[in-house]
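Naming follows writing order (A, B and C), and every chain is counted from residue 1.
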């Protein structure tokens, strides 16, 4: 028996911000979950299982917080799974939930990912001291900056490309009421002159630290047929992992990312992603990762990704818009960031992205990555149901 | 539903401390053991899923280093739950049910020795009303045990019998941490740890790792002489607040067992994950396990309870009994959270011999 | 081939400590502010149950709960456990009972400490009352503990608007956990060699790659690395960044160069700081060698050797 097709019929997210001081952790996740249920016009009783994801428990200082969150998410008496695959977790969580429907274990599943970073401090959470190891860095920027330099060396990309991405994504965020950063008077010059934090990465090319949550309701064909609004259909989903560090690792274009993309394209019957995919929500925590992932995901030949960015192809009015929502560069509740990419891709094919809707999107890619560029999760969603 | 079976199980011994090895050094031999049993390399496995906890390790992203032991190159389809490995097995089972994979490697590990486990587990509790009081896991289990005693469902002697039976059963289990017990009556001479619990009522704190291989259909038959077919598996969660629940019951266990088909036919063997003796009393009642069922022949949690792996070990031990032909239909159970908040039940069967 | 020596087991304390800042939301804010004012609030569900402590969402129906009521500071023990050896952070430092207490007017029980002379003075069903902390700030520890109490309920449960002057909207929850970290065999061997100012990697028996630092497993083959191979001391900067922001509790002056350095003989780069050269003159391909300082476990930094830069093609596979 073939897999049950999976439809996204409800999507909800919080207003993302540096610190949501008005809600508890439960209140934060609840806000996203309720919005997803409202979008699907379903109640808690319609949900068969809950799959939740977030990045390290140390961020909020709660071990396995899903135990405490069971009540808030209506999970009592239901199955509840907790996924953690580092930065890719929001994407992985959605895929685990989708499998429950695809395998016909459950009809309708609520999936949710969150981070309430204001409970601690991301820099602290990411850089807990480890005895015997030499402290050299704090935070993620310094970890990824050398890979950006390697990309620039390898491709000869002009140094100005990173600022173009940051300017584009922050401008896109102005069209997204949920985005964390709304920098009304940002100019390209301001991005280019912002402080160099981890040379070659500037302040304005760096993701913020956010409180936020994202939720989706996934269901089967019967559920989709009853949905009040157009569903997004899953056409392919995959995870790939490779080790953190190893001899021969390509940190600029990791093979796990390439393989993961190839797998979802195969499932979705996509042979030419550049032509067949209409919009991408890609995990770009530092601006240069846009051209890097464009190559890794097969939208540009090796060394050519920056040319797509430079020529404006990835702008919201270009012919391959990347991160019309404003992306991770504008909103980064770490655990939720991957699910936001998946959800925003689904919003695009549902035609429900509001002001940042790209016209005529039929097929979109959601992408997440994490760890030392080693964990990848992706899905392709379409406006039409899969043909199989 | 697609036929999926546990075709191999391996575990490290559980020991009070494993300071001489890193997590990956503890885990890797277990991975080699299960892969060797089915004659597969990591690259031939379609899906890998693991379970572990950063809070045990005291380090964020601790699971990323354990992946080094898998040999994830070329890249593999892989996922991780911040839960006991029993739930990693559940995720892998679902993956096989979709038909996207025919084989899966599931592993989990936990080192409790670096921290003060009862204190670490306080961080699982409601962060506003309960965690600031630092109530340790033994104290919470003691509240549950007292409720059970007050209800007339058990007494301290019966609890000692649970401990003694488990540890004596583990006499032949070379992976166990604590084996053989003084008679129950003698156990009652020991002082209380947290009344009404004595040390024997609590699981030993230890470090360990476990792994299983899952396979579907004919692949399972090819890899294993007598696969342990997963006839049903389900898990359920209860409210978090202890004061909201009836601590003498475990409705989530009962519901999961019903959904897993546990009551459709009698089982001849059960591996229950009851970290505290009083919890075994509760689980037996909810699962309707009478004296005709062989209970925890491995010794169960009284003999070894490596956090994050102990639930997966229950599934593995039940499967191994089916592989050996020691049972035909077995129930396996795993728990997570304070006082049995979350429970998983699987029903496994071997084919007629 | 140098077989790996049996390592000394290394251990070191690891303290994970942070004062978490928790925002409360309306229900929890009212409850904890109430405690500061010696008032115990619960929340009523649509089904009429009164939950104390008040939670934000109904455990049975998942409905949002906002209907606050005041209950009595007196109640009944529903279960208890005698704790003869209180641990760090627990409400009392002398032996006490943990108790679930159903306050008068409530349908659920609250967990806290019960101060009693000994286990024989505690039983399920006994009457207790709140002992308030002398200094209250709006947290669960504003209840110092419960204490035995023989009288009737002192308050009738009744509606409460949850409104207090100067409400508490957040708590600071300090959390400290103490671990003993042990890096394991391979890292212990590596650290032991570093003590002799040697950088010793380990070769994978399968793919023959040399890992520096060794982490116990060849991550691509999934097998133990044991054969020790001294690498360096010279190496090549494969890539780097210039760090311009000073991290808390990191005693390095900015700007500094954080680099990936492929030591000669190693099959992947390790990470280190580059010194002895202006930060803006560091470049990919720069040849460097370690600089040790007295008592340092690791090279303090790597400095240029003065050799000509390595050709890109010689290290591009190590990027």
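FYI, a contact is a pair of C-beta atoms (placed from the backbone, for glycine too) under 8 Å apart; a residue touches a chain by one contact, two chains touch by 3 or more.
Listed by chain with UniProt protein names: A = Nonspecific lipid-transfer protein; B = Nonspecific lipid transfer protein.
Computed from a predicted model, the values in this text were never measured in an experiment.
Trainee: Chain by chain, through touching neighbours only, how many steps does the shortest route from chain B to chain C take?
Mentor: 1
Trainee: Work out the mean Cα position per chain and let me know which chain is farthest from chain B.
Mentor: Of all chains, A has its centre farthest from that of chain B.
Trainee: Compute per-chain Cα centres, compare each with the mean of all protein Cα atoms, and return the closest chain.
Mentor: C
Trainee: Could you state the distance in Å from the CA-based centre of chain A to that of chain C?
Mentor: That gives a centre separation of 25 Å.
Trainee: When the centre of a chain is set as the mean of its C-alpha atoms, what distance in Å lies between chain A and chain B?
Mentor: 33
Trainee: Using the touch definition from the top, which residues of chain A touch two or more other chains?
Mentor: 24-25, 58, 60-61, 71, 76, 128, 130, 243-244, 246
Trainee: Could you tell me which residues belong to chain B and also touch two or more other chains?
Mentor: Residues 55, 58-59, 65, 67-68, 72-73, 120, 123, 127-128, 131, 239-241 of chain B touch two or more partner chains.
Trainee: Among the residues of chain C, which are close enough to touch at least two other chains?
Mentor: Those would be 14, 16, 20, 22, 24, 28, 55, 59, 173, 175, 181, 183, 187, 218-220.
Trainee: For chain C, which residues count as touching chain A in their complex?
Mentor: The contact residues of chain C facing chain A are 10, 12-14, 16, 18, 20-25, 28, 55-62, 64, 169-170, 173, 175, 181, 183, 187, 191, 207, 209-211, 218-220, 238-245, 247-250, 252, 255, 258-260, 267-268, 271-273, 284, 297-298, 312, 316-317, 319.
Trainee: Can you name the residues of chain B that touch chain C in the complex?
Mentor: Chain B residues touching chain C: 19-25, 28, 31-32, 42, 55, 57-59, 65, 67-73, 113-116, 118-120, 122-123, 127-136, 139-140, 142-147, 150, 192, 194-197, 239-244, 247.
Trainee: Where on chain B does chain A make contact in their complex?
Mentor: Contacts found on chain B: 1-2, 48, 53-55, 58-61, 63-65, 67-68, 72-83, 87, 90-91, 94-95, 97-100, 120-121, 123-128, 131, 234-241, 251-252, 255, 336-338, 341-342.
Trainee: Could you pull out which chain A residues touch chain C in their complex?
Mentor: Residues in contact with chain C: 19-27, 30, 44, 58, 60-61, 71-74, 76, 118-121, 123-124, 127-132, 134-139, 142, 145-150, 153-154, 195-201, 243-252.
Trainee: With touch defined as at the start, can you tell me which chain C residues reach chain B in the complex?
Mentor: Contact set of chain C toward chain B: 7, 9, 11, 14, 16, 20, 22, 24, 28, 31-32, 51-53, 55, 59, 78-84, 87-91, 98-100, 102, 108-113, 119, 124, 139-141, 171, 173, 175, 177-187, 215-224.
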